[in-house]
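Letters A, B, C, D and E mark the chains as written, and numbering starts fresh at 1 in each.
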Amino acid sequence: MPGIAQLAMATGFLLILIGFYGALTRRNLLRMIVAFTVAGTGVNVVIVSIGYMHGRTAPILDATLAASDAAARIIDPLPQALVLTAIVIGVGITALMLAYALRLYSQKRTLDIGRFTELKG
Amino acid sequence: MAFEWIKIPYALLTLFIVVNYGMLLGALMQKIAARVGRRHGVPIWQNYADLIKNYGLRTSITHGVMFYLGPVFRLSGGVGLLLFVPTIYGSEMFSNLSFAGDLILALYFVFFGTLGMALGAGESGHPHAAIGVSRGLAQVTAAELPFALAVFAVALQYQTLSITDIVAAQQGGVENWTLFTNPLAVAAAMLAFLGSMMRPPFDVVLAPQEIPIGPPTEYHSSYLALMQTNRAIFPIAKIVVYMNLFFGGAATWPVFFLKVFCIYLVSVFVGVVFPRFRVEQSIRWFLVWAVPLGVLAILLV
Amino acid sequence: MSGVDGLLLSPLLILATGLGAAFLLGLLHPRQSGVAYGLTLVALAWMAWIPARWLWAFVLQGAAPVEILTAGTPPPFAINLRFGLPEAALTLLVNLTGLLSAIHLKDVLLNQGRRAMAVLLVAVMALGGIILTRDMFNLFVFLELAVISTAGLVLLSDTHRPGLALGAGFKYLVVSQFISVFLLVGIIFAYHATGTLNIDGMAEAGLANVAALAFFLMFIAVVSELKPFPANGWALDIYESAPPAFSALFSAATGAAVLYAADKLLLIGGDAWLPMATAIGIVTFIAANLLALPQTHDRRLLGYSSVAQTGLVLMVLGQRDILGEATPFIAFGLLVSHAVAKAGLYWLSGLVQERRLTDWAALGRRPLLVFAFATFMAMLTGLPPFPGFYAKWELVHHLAGADRLVLLALVLLGALIEAGYLFRWFGYLLKREAPGGETAPCTPHKLVPVLAALAAGWALAWLWGDLFGRVNLLLALPLLFALAFLLLDWLPAWIKNTLAIAGLVAYFIMTWGEYDPMRLIFAIIFLIGGALTLLASYHAHGRRIGFYPAAMLMYAGMVMLIQATSAFEFFAAWELLTVGSYFLILRGKASEPHALSYILFSLGGAFLILAGFAIAAAAVPRLDLAATGALQLDLASLAQVAAPAAPWVFLLLAIGFMTKTAAIGVHIWLPGAHAEAETDVSPMVSGILLKAGLYGLMVLLLAMGKQQLHGVELTHALLWVAALTALLGNLMAVFQEDAKRLLAYSSIGQMGYAMFGLALMNHLGWLMALVFVINHYIYKSMLFLAVGGVAKRTGTREMYRMGGLIRLMPLSFIAVLIGIIALSGVPPLSGFGGRWIFYNAIMDSETRLPIVVLFLAGPVAFLYLFRLIYTIFLGQLKDELRRVKEAPFWIVLPQMIYVALLLVFALVPGLALRQVDAYLDRFFPDGGLRWEGGQITSQYGYWDPIAIMIVVGVIFTTLFLWLLFVNRRAQMVKQFNIVFSAERPYRPETTHFAWNFFAPYRKALGFLTQPLATNFWGAVTDLLHTAGDLGRRLYDGNGQTYAFHLLAFVIIAFFIGMGA
Amino acid sequence: MKRDPMHFIKPELMPRKVKGPDGVEFEVEPLRDYFCDAPPTVQHGAYLKIVEDFFNWARAQSLWILGFGTGCGAIEMRPLMTPRFDAYRYGIQWRPTARQANLLVISGYLSTKTLKRAIRAYEQMQNPKYVVGLGSCTINGGMYWDSYNTIKCLDQYLPVDLYITGCMPRPEALLQGFEDLKKLIRAGQAEGANRYAENFTWYKANQKQVIHDWDMPDYNW
Amino acid sequence: MVKRFIALVLVLAVGGLFAVLLATYAPDAELNQTARYYAQRTAQDLGAANIVTAIIVTYRGLDTLGEVTVLFLAATIVGLVLSQGGQSGTPARGRVPVGELLTTGSRYLAPLILLLGVYVFVNGHLTPGGGFQGGAIIASGTLLLLLADPLRRFGHRLIAAVESVAGVVYVLIGLLGLILAGGFLDNRILPTGALGALFSAGAIPLIYVLIGLKVGAEVSSMLVSLAETDAETREEA
């Protein structure tokens, strides 16, 4: 029976596929960037779903969770650390692409990617 | 086979005999050709008269050094070819200067005269001379091939390149001649012989009217005299090579005169009958008829 | 220990200084960009100094690789960085390129402000991170850092249309988004499977079936960063639009870093994934080179070339299983050559205004930059003495050893295509006339990186020579002598000429003792003959920049060729003389296309020889592996090549050597190359260089003797090829209008004769070949010099425009007269000797038919020889040539020496041939000649050269005296005093019969001279170009299409990879 | 040189400036550069009379006629080559080039234009050379006695050794004429070439008086 | 039309790839060795309550350094890209007047948002969240201010200074870790203190504060740059 992890991962993969399809078919730059963000979120969901273990709690040591029995009760903290970095990098690239899109628009008054094909061959 | 001083007078003797025989034979052949045309033909001593007249001419012009040396090259080619080949088999007297080189020397020395003459004619500045030379050289490439093949076949057959050995192998009766032991080679050689004798089927080089006698058009008086002496010696010298290679050589002078006459007659015999070939026709003729014979000769030896 | 363990030298500092400096720049006031620039340079310099110091420690002081732990906890739980020899070398390469690029970008950085400097610092730091990190996710972070900084740096574009760079940057980001998705998914699933993010941890855990898919995603993502063939449109747009300094950084540094990352990944994947890496690598190498052919934009071409080289290195990494411990030597050799050369070329492109390849002619006037360009080009095509050459040698040998011949063929094919477009470009640079625009002002900051790359190139050449172990090419005396002329190039020409001649003669005196008689002949021709030909070079005034290094390189190559004992020395010498002669031929005014076809055929031949040696080395039974080393194939040991490979080795080597002697089919380069070369270069190239090919054939035939391939006797085939070459070479010469082309075709014919002699494989056949070698050198050099002198005086090479020069240029006439008498084989002179030995040789040869072809070729020589001398010297003198002076003294002098040499060789052939005749007995016992006094007797006939000369001389002089006596008062007349049927010739031009001299002959035998070979090779090149054009249509400039390509590439790789 | 109709010189013979391959300009004077303008000299026979007689015998025996037919007489010369008359028997032969010929037969009327060619052909022959005139036209103009462009008396222009009369002499007459010529030669009286050399200026004056477009050197070697 | 079809095929193929991954995925019953190490050793070694923060700041400190550089880089390049654009910015087509509700609300909310952001990244090592989340909150505060008053000018000099100082100090702490403690970015250069206390877990809180400030400064500088593109006047960055 697909557990929560598989369900989350499936949605993550689905998001990635939607993101890819959007990026490949939409000609507008901004829509492409949005599609990439969707794909990025999908990846993040997948990463987080990897670390999930049934019936365990978040890796924060506090009153309810003593340091000693942490190993038995917490889920895998590493993916969460990785996802944080992945998100930040996603933000960085998206910001860059938006800036590019802005300048490309200001240059040719269009956002259609098909119009920026001076470099070819 | 070393050099002795006595060989020089002997060689000069051979030269004297051959020059005179050449003059007379040339006139005789002209007379035969005339008689074919039911003309009486020139007197037998006509060549002498022409020679002396040309030597006797008082003035001459020169176009330059190479023009001046042309006839000298030509005649020394003829004389050299004659002397490098032993004329009479077996006699030390008449083996001339053949100690210097063998069959290959004779084969290549033929070109010495041609080259010199071509350069002389070139210097004359006359376009007809150049056209004549270009035709002559073009024709000689095709004409020489069957002869070279025949010579190679004979050399392979007798496993030697020295002419005296080849003649020695053909002694003892007519059936030992190369004519009968290697007929293909002789056939190819004789076809090539026609090409090299400047007789009508292949005399587009000296075509009298079209390009006034081709290369020698600017030559006269003593130059022409030298060329006439060569025209007497050179055919005989070439025929001597043919005779030694294919027709058993000559042990004595009468046999020599007879065989030379017969071989010379072959070219005259063909010459009086056929009209003149253009250069590409003659090249094609040689490559179609003479060369296959030569190739067969090599393969079947 | 070795003084490298201080904090300031800790490898981590590479990253820390980069970051620290980037952040520090933020503090500076915008107007202090000068200070910021200084800080950036200091930071980059320090980042470069650390690995340099470590490299010194590793190499010389034997320091051990060091593990750097972060966060004080052991690796699997924290990120660790390793710093061994490879990392040190790579970081040094990256940081140095970064520093030099920063210097190159001085003015761009200054006006862009401190932000651009920060981006540059971070970019260099990121690449350092990729190399050092041993953690997968950390690798992902640094990769993304590199991507972003690349996108940022592309914007500092100096092209006048900034919009281009924007488009390229955006496409790059689009593609990198896809790549990062795959990489992240791959990493997380690999983590799930192995429980660790550390690369070494993953390697031990090993990736079972499911994890294999995860590894595939990671691997395909990193490989996509390496710009594999279908999915590299974005990379080329970046190369085209980015500023050159950045492209240098992008191609050299990023390429190297990501390649090392791919290597680390392959560590994880293990041997199962090597075939995929190889496949992607080789496909990229071939396809990128093919697409580079039709390029006209210089930076895009460099882009394709760098993509190709990266593919090649990836392929080498993929062959790690068979290369074993040689992998670093080869991979680094190729990578370093590519990096230094590509960076250098990009920095050079900064100095050129226009972007078309032909506009690089503007550099043509600067010798130093031309030398730099030549060095970079030589490094890229792997010519000696550069690292690429050693690397290619090892690579080919290992591939042949592991019997991967298809791969070997593809590598060589790709290298040949690359050589094609690079040498074509070098031709444009030197020969096309510079467009109006001067090169960009050579400000020092743009020049320093180029010179640094140049110095690095030559230093690496010396280093790789040492690393190679056996022979370091740069220590070979002849090569050093040639390179010394590079430094002396500022001297006037005559001093250099004297030096060159002295050098050649001295070297001959030093080494003539060690040659056996056969090689002694070649040594005499190469050295003494070379010195003689160089006499003609005194006629040139001024400095003749570039002539002497090229000439000395050729002579060095040739001398090393005959001194070579091992296959490696032989091949190195072969390529040296090819390169030297290429530069020599390229000096001719209109010689560019011909020099290109020359170098392509020669390199093609050289690659065949390389393949031949490699297969031979593989097939030689490994008795003494340890002693001589696997790859130390001696020329002599060619004989023990095992049966199945022997005929193929023979075939490859024979074809390779025959491209140099211009056998029919591969001869089309010769006429153009020899005709268009300069007056004193033609004799060198034609008289001396062709003998190198013959020497190669001799070595081959001596070593391997007769070979059978599918029942066909290879020497028999060689016989036919030689005969056809002789006939067709002579026939084509007959119909030439250009004098030098006529002589060039005649060389083809003569080489046909010489090869025929060799192919006869009997004593006299070889003797004939040697006679031809000597004869051909003497009369061909003489004829080329004579015709060159005439062409210099009359200003034209077309024979029908000359005529009647015998009175004005008598000495040239004598030289040509003696030359043609000798060449045609007419008795008194030495040509006849060759013919006489030929006849004796064919007496006992078993095959007869080729001899028929050769007999026809003989008299044909008369035709073009007479045409040469008649149309130039005899016939009618043209008006404009009436005041022509005799050829310059220094061109006539060698000719007269050659005339004397010919006469001496004609009179006393024994002087040269006696020892070699005895020497040949060792290989061909029967059929030798007996030399008694003047007479030479063979088994069949006899020949007495002195007697012939005397007899002919006596007859000639007596007849001449007789004519002089009889014809004393001949009246000297002028050119129009001819019997023109009682008329007067119109003009000299119409009376000189020279144009289409053998028209009837062309009607008869013209069909034999159809340009079949030219059409064939033309078709091959057209095919390659159309393939290139078709390929180029793949990149239509649309970012989305590039995304499609990437996904398609991933899917295809997946199906093929996982399927296999 | 204004175009004087009487002294018209063809353009290719006009002096012209020419630029050599090395860029040096120089003057080319065709008439002086292309043609040798040395005058003919009197050539004496061999010192000994016996040798000269012997040579004269040879000269008589091998008469090489230049194939140069001008007037209607040329048609009479053709039969001599045919079997019926066969001049070869007497050592007579036709040579296509003037160099090798020693007998010039002017066979009939001679227009001034042809005279120019005849002179050139005659001057290109070698000493000793003989001229034979056929028919009355060469003697006194014949039926063209009052024509404006024919040569009335050949002797003023070329040194004629023998005339064969008849308005056109038949081949037999020609043969007989040649026999007479042989006697002259054998007697040593056929020194036309020397006569031409001795009063060369006189001949040249007569010729120039008739030939107006004289655009060639005085003596055409 | 063909393009869509090919896109669909490709995406489905990639989907197939992911499907294989999904099908063969089996969640671990037990923590793998790396996670178990973190679970057991974080408390006693680093003294940080929030294990994820411990991993982010110390164990995988280099990643975080890399991340911060990514953001710094993105901000710099965005600034570069937009400053290069020159005056080609779109003319402000009649700015829609900002609603009264937004202006007053932002004036009230902005300080609160700022406070929340500071709280989040100060308690990064104790409670969920940390430098990045806090930085993002501060940036959202700046965004709110920008929305309220688009012509508002922020002192670029200030933002750049904060950014640089934070970056440099962060690197210095890293180097200090190398000198004093076990390795680069080791947090034990300061006493780890009691678990759960504000001043515990060595240098982690200090690093997180710096990261928070830096991220806040960078993201807001990006937003400001984007905002300025359509503003008429532009003073040199």
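The rule we apply is simple: contacts are C-beta pairs under 8 Å (C-beta built on N, C-alpha and C of every residue); 3 or more make two chains touch, one makes a residue touch a chain.
All values reported here derive from a predicted model rather than from experimental measurement.
Looking at subunit C and subunit E, the chains that touch each of them are A.
Of all chains, the one whose CA centroid is most distant from that of subunit B is E. Compare each chain's C-alpha centroid with the centroid of every protein C-alpha atom shown, and the nearest one belongs to C. For the pairs A-C and A-E, the count of C-beta pairs in contact is higher at A-E. The chain with its CA mean position farthest from that of subunit A is D. Inter-chain centre distance (subunit A to subunit C, centres taken as mean C-alpha positions): 51 Å.
Annotation: 15 Å between the Cα-based centres of subunit A and subunit E. One finds 71 Å separating the Cα centroids of subunit C and subunit D. Work out the mean CA point of subunit A and of subunit B, and you get 101 Å between them.
The residues of subunit A that reach two or more other chains are 16, 20, 24, 50, 78, 82, 85, 89, 92-93, 96, 100, 103, 107, listed in rising order. Contact with two or more other chains is made by residues 36, 97, 99, 221 of subunit D.
Residue positions 137, 141, 144, 148, 151-152, 185, 189, 192, 197, 971-973, 975-977, 979, 1040, 1044, 1047 of subunit C are each in touch with at least two other chains. Of all possible chain pairs, the ones that touch are A-C, A-E, B-C, B-D, C-D, C-E. Residues 804, 806-807, 817, 820-821, 824-828, 832, 835-836, 839-840, 842-843, 848-849, 851-852, 855-856, 858-860, 862-863, 866-867, 869-870, 874-876, 935, 940-944, 947-948, 951-952, 955-956, 959-960, 963, 966-967, 969-973, 975-981, 991-994, 997-998, 1000-1001, 1003-1005 of subunit C are the ones that touch subunit B when the two sit in their complex. On the side of subunit C, the complex with subunit A involves touching residues 137, 141, 144, 147-148, 151-152, 161, 163-164, 166-170, 173-174, 176-178, 180-181, 184-185, 187-189, 191-192, 197, 236-237, 240-241, 295, 300, 1032-1033, 1035-1040, 1043-1044, 1047.
Chain contact summary for the complex, subunit E toward subunit A: residues 3-4, 7-8, 10-11, 14-15, 18-19, 21-22, 25, 27-29, 31-32, 34-36, 38-40, 42-44, 49-52, 55-56, 59-60, 63-64, 66-67, 70-71, 73-75, 77-78, 81-82, 84-85, 88-90, 126-128, 130, 132, 195-196, 215, 219, 222, 225-226, 229.
Those residues of subunit D lying in contact with subunit B across their complex are 36, 43-46, 54-55, 57-59, 61-62, 64, 82-83, 86, 88-89, 91, 93, 96-97, 99-100, 102, 126-128, 221. Only residues 1, 3, 55, 59-66, 68-69, 71-73, 75-76, 79-80, 83-84, 97, 99-105, 108-109, 111-112, 114-115, 118-119, 122-127, 130-131, 133-135, 137-138, 140-142, 144-145, 148-149, 152, 155-156, 159-162, 212, 217-218, 221-223, 225-226, 278-280, 283-284, 291, 294-295, 298-299 of subunit B touch subunit C when the two sit together in their complex.
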